[in-house]
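Next come two complexes, and both contain chain A; in the first it sits with chain B, in the second with chain C.
Presenting the complex of A and B:
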């Protein structure tokens, strides 16, 4: 399958990508009948400049239908194909995760060869084909204790660990290392798997200090 | 060795030119600046017709060899049959500049000769020489047309004729068979009326390409030598000589010279020196290079099989970024079990830390990415390493076998997941880097580029060696033997260093620099190369025959078989009007000896220790011309 960029066409436009805070939906305006691809990038990237790169990735991975698919092994680029029929229902589709930037591009797919042609995205005054969604995350860090002893001699003692708790709702599309903690002279990245784990343990007398490496992700 | 300017080719002839140039400059530079007599009066040389204009370089070079300080003081103007403008020709450093000059501006230039900027001994007169070359004439009347250009020149000068001493110098091309143009000119000259003060010149020098003894000149070089000798003799504070040459007559000249054979000396030294290098850099295949036991070291690998440049870089950059065993234990775990994370394998560690190691290591590699400047410095360093470790042929072989070389420099084992995490850290770094084009491309590129430039250099080198075969052999056996000895003496004490330095040469510019340096060494180490012609000749002849009298030898050359008169005439030319020898007088034993033996000869001090010339002027009567 070939994926290539073609010049923009004023009659084939997908534009005005927006997100309402708190919702999990992305909406955009589209020329009737125009299929689209929604691409998720790390927060704040120059997304239009990276479209050629995405074309190569789509050639390797294929056109992801029905949901978002990682296009570069968890390094922050995800894609989803949104045929017009699907778009028509709600004038958009569900987003993948937050603390990122989305771009919508119009495309046409050759029914026989499956080759894809992506219209070069354009900006029109206040209407843009991309939008950035920030996210606030609360991480709880506390000293972990355990109970030792029996019966009346049971007591709570320090385990030597810090217990770190992540929010219960999953952050889809999270890029490993977007959050990290600094401890003992190194910076340890937080992976998506750790977020799914919900609670992790760090053996240390000193408290790990959490930092965000993603401008769209604020720690509170 | 510096890189030098880029040059496109180099030949043995170029080196000969360099070396003879050094020797020619000796009289002005290394022997101290000496000048001889200077011109007495301001002067102009008009070159009438395009063929005469071609003579500018030769004539001016001869004059400036004797009068080096008058390069701006002598006016050279060309005039062609077509067009109204003159051509103002002069030297600008080493190049010749030609400018169109409208007729009305000629007198302004002439006025400048009298301005005092160039200090002539006298400004009472203006000496004007008209050069005519009949070589390109097809028809007789071309001679008349060219002669008529003289009137245009005279008008343009803007100086009254009574102040002018003018001479026509005719280079007469004659044929041994039918000689229509030669005969026409001779007839015209035989009718020349010097008494017509308004229209005539005050002297005419005629030089034929066929000498009195029927030898044909291959070019006008000798004629230009004679012409410049006559100009030098005629523009003279010795008024008697000047008067003789501007006394209203037609004359011709006999000539001989002895000079330092700088071209031949340079030829022998350069040719034989270059000969010593014929077995170097032959371009033979060096496919053995990968099998060489010291290949790994030469190609820059360390004991771990990684390019040392990269392992040094890793050590420098990642130093404190690879976690210590204590720091590994700061990584997060799934549970509060007290496990020593630092003793786990890579697989176990990644599993327990929920992929933290994979992410951490990926970030670390990202931070290691070298900047453009770093990559450039690697390239320079690596090329230096290749040049010092491999010959030109070996570098070509490396480039030709690049795939094999690539395998050898990327021969770092992949880290197994069963490796302990602490060891895996550094090993993984090495493995990831050698398999990353961003790091490795520059080294492979260096090998290719060095192979390519070695190929180009060997081709140029072969061409250079070939060029020595195009040089004619020197016929003077005495000279050849003498200078081969000089070269051998040099090599006896310098050979090792010479060949060592040769191995450093990487390109044509460096090759030129190398040879010029060594030739300079030979020059500076042998006084005879900067000696005047008579001292040099003396050294050389005495080497062969201690009894030889050099002064006598030179005197014979100037007056004997080498002396020819350059016009064939009906009857004998008779006694000369002037017999002159032009040479450097100061400190010259030759001058002292010649002066003693030749009472009636006029000696002119040229200040040039590179040659001695004998010029004898003969009057040519009308009946002798036809």
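Presenting the complex of A and C:
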């Protein structure tokens, strides 16, 4: 399957990508009949400049239908093909995750060869084909204790660990290292797998300080 | 059945069986049946000796010339016509320089519509050309449609004439015009405010927009089709030229219907240049006075450069507001709804200012107007005030900060007004050059208008065609907000339910007085207590 970028066509436009705060839905305006690809990038990137790179990734991974698919092994680029029939129902589709930037591009797919041509996205003063979604995350950190002893001699003792709780709602499309904790002058990245655990334990006398390396992700 | 028709040009009133018609029969060129030896009709009249044959030919000539294309509607030189009552077509258009009427579609015989003979069934001299199909009604030659409206006449040669015209000014009456109540809405804006583009986009999508509020729209006026055809708005196509400020544009007529409510209305839109309202154009404005006085509502388009916040303060919007008010109400507050609209909100200047000062408003203005759906998925005939109110509040706040004069004038002179922001293009405009070296502007991509239908929806709400899903924001009015959740969706508690008894101890109850209830969170309170001012 070949994926190439072609010049924008003023009559084949996917634009005005918007997201309402609190919702999990992305909406955009589309020329009737135009298929689209929704691409998720790390927050604040120059997404239009990266479209050629996405074309190469799509050639390797294929056109992701039915849902978002990572295009570069968890390094922050995800894609989803949205045929017009699917777009038409709600004038958009569900997003993958937050704290990132989405780009919508119009495309046409050759039914015989499966080759894809992506229209160069266009920006208009008021309406853009991309939007950035920020996210606020609350991380709870507390000293972990365990109960030792029997019966009336039971007591709570310090386990030597800090218990770190992440929000129950998974952050889809999370890029490893977007959050990290600092301890003893070292920064330890938090991976997507760690987030999915919901709770992790850090062995330390000092409380780990969590930082965000993603401009769209605010820790509170 | 009698229908009262108000002419959309001169606003004269008439019954449906008083209208005149433009003849379908048109004689072109010269009368062909002159005897040999004469150059033309004038030559025959001069040289032919009187005789019965000449009298016969003269009568035929007169009848032939009656149906010839003509620049005159001087039929009132025949007997029976009240000349003071009739203005006549050319007399009407002389005030505005020239007519703006054009023929829509293929003109099969190549003459302008206003060159066709006027046939007035009330004039005996015309009646002899009309066939009376009613054996029971000798006094009426009109042919009625299925709704009982007089819509046609038949000439003695079988030609059916259905081009109705006003009996006073002889301007065309669209098909079905007069069958339903009519509302006249005037759209005013200075040169470059975008009236023509706005009207084209609105009318081109009128069925889609009307469906959003549960109405069906029908365009049965050739002037609308012609307007859309001549003012195309599309990617790569030059944008329409500015409308001349001293000419009277053809009224744009369409119908809306809601079968469930039994509603059927005719809407007439007028495109009027804002320059008319400048102090130096008082004489020109006088010509448009009948229109302003007849209008049921106004939509004022203000381009961003008219606000000090953007570029400068030339062509103040408050001047237009003032002039309209002086013309229609004198010293009293006007009761007619007026929609004050910032057009072209998608331009760079506007975007930069909004991004700095009103980022929330900027986000709101790129969204489409959302219909309110019933459980079958159809749009309800409701104005979406829930969505509109925050926009109106923000626009009011913005205008108070950037054009206090306008806000004050509206507050003092109008009892029904509101603010809107939209873009008729929703895309950038680029500069091109034609083969003659003339520059023009064109949309860079397929236009994507946003919220252009909202002022019309609000107007329909004020006219009573549709309801609203909550109380519509009123600028200048102190809003009551719920002390708990801040919602403005408040209702009054009925008198009999205002005393609440609450048990505060084992044997003790206390009474509380509440008169307002929040429909959002159900909180109830006494309005005499501290009430938050709404924005």
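Here is the rule we use: the second predicted complex is superposed on the first by the 220 of 220 C-alpha atoms of A that agree within 3 Å, B and C clash if a C-alpha of one lies under 4 Å from a C-alpha of the other, contacts with A are read in each partner's own complex, and residues count from 1 in each chain.
One rule holds for everything that comes next: a residue touches a chain if its C-beta (ideal position, glycine included) is under 8 Å from a C-beta of that chain, and two chains touch if they have at least 3 such contacts.
Everything numeric in this text was worked out from a predicted model, so none of it was measured.
Between chain B and chain C, B touches the greater number of residues of chain A. By the document's definition of touching, neither partner reaches A:90: not chain B, not chain C.
By the document's definition of touching, of the two partners only chain B reaches A:176; chain C does not.
When the two complexes are overlaid on their common chain A, residue A:156 makes contact with neither chain B nor chain C.
In the superposition on chain A, contact is made by A:201 with chain B only, not with chain C.
When both complexes are overlaid on chain A, the residue A:185 reaches chain B alone and has no touch with chain C. In the superposition on chain A, contact of A:31 is made with chain C only, not with chain B. With the contact threshold set out at the top, not one residue of chain A is in contact with chain B in one structure and with chain C in the other.
Contact residues of chain A toward chain B in the complex are 144, 146, 159-161, 163-164, 176-177, 183-186, 188-194, 197, 200-204, 208. Within the complex formed with chain A, the chain B residues making contact are 320-321, 323, 326-327, 329-336, 338, 354-356, 359-360, 362-363. Chain C makes touch with chain A in their complex at residues 235-236, 345-348, 351, 362-363, 365-367, 423, 426-428, 443-446, 448, 450.
Taken in their complex, chain A has these residues touching chain C: 8, 10-11, 13, 15-16, 18, 29, 31, 122, 124-127.
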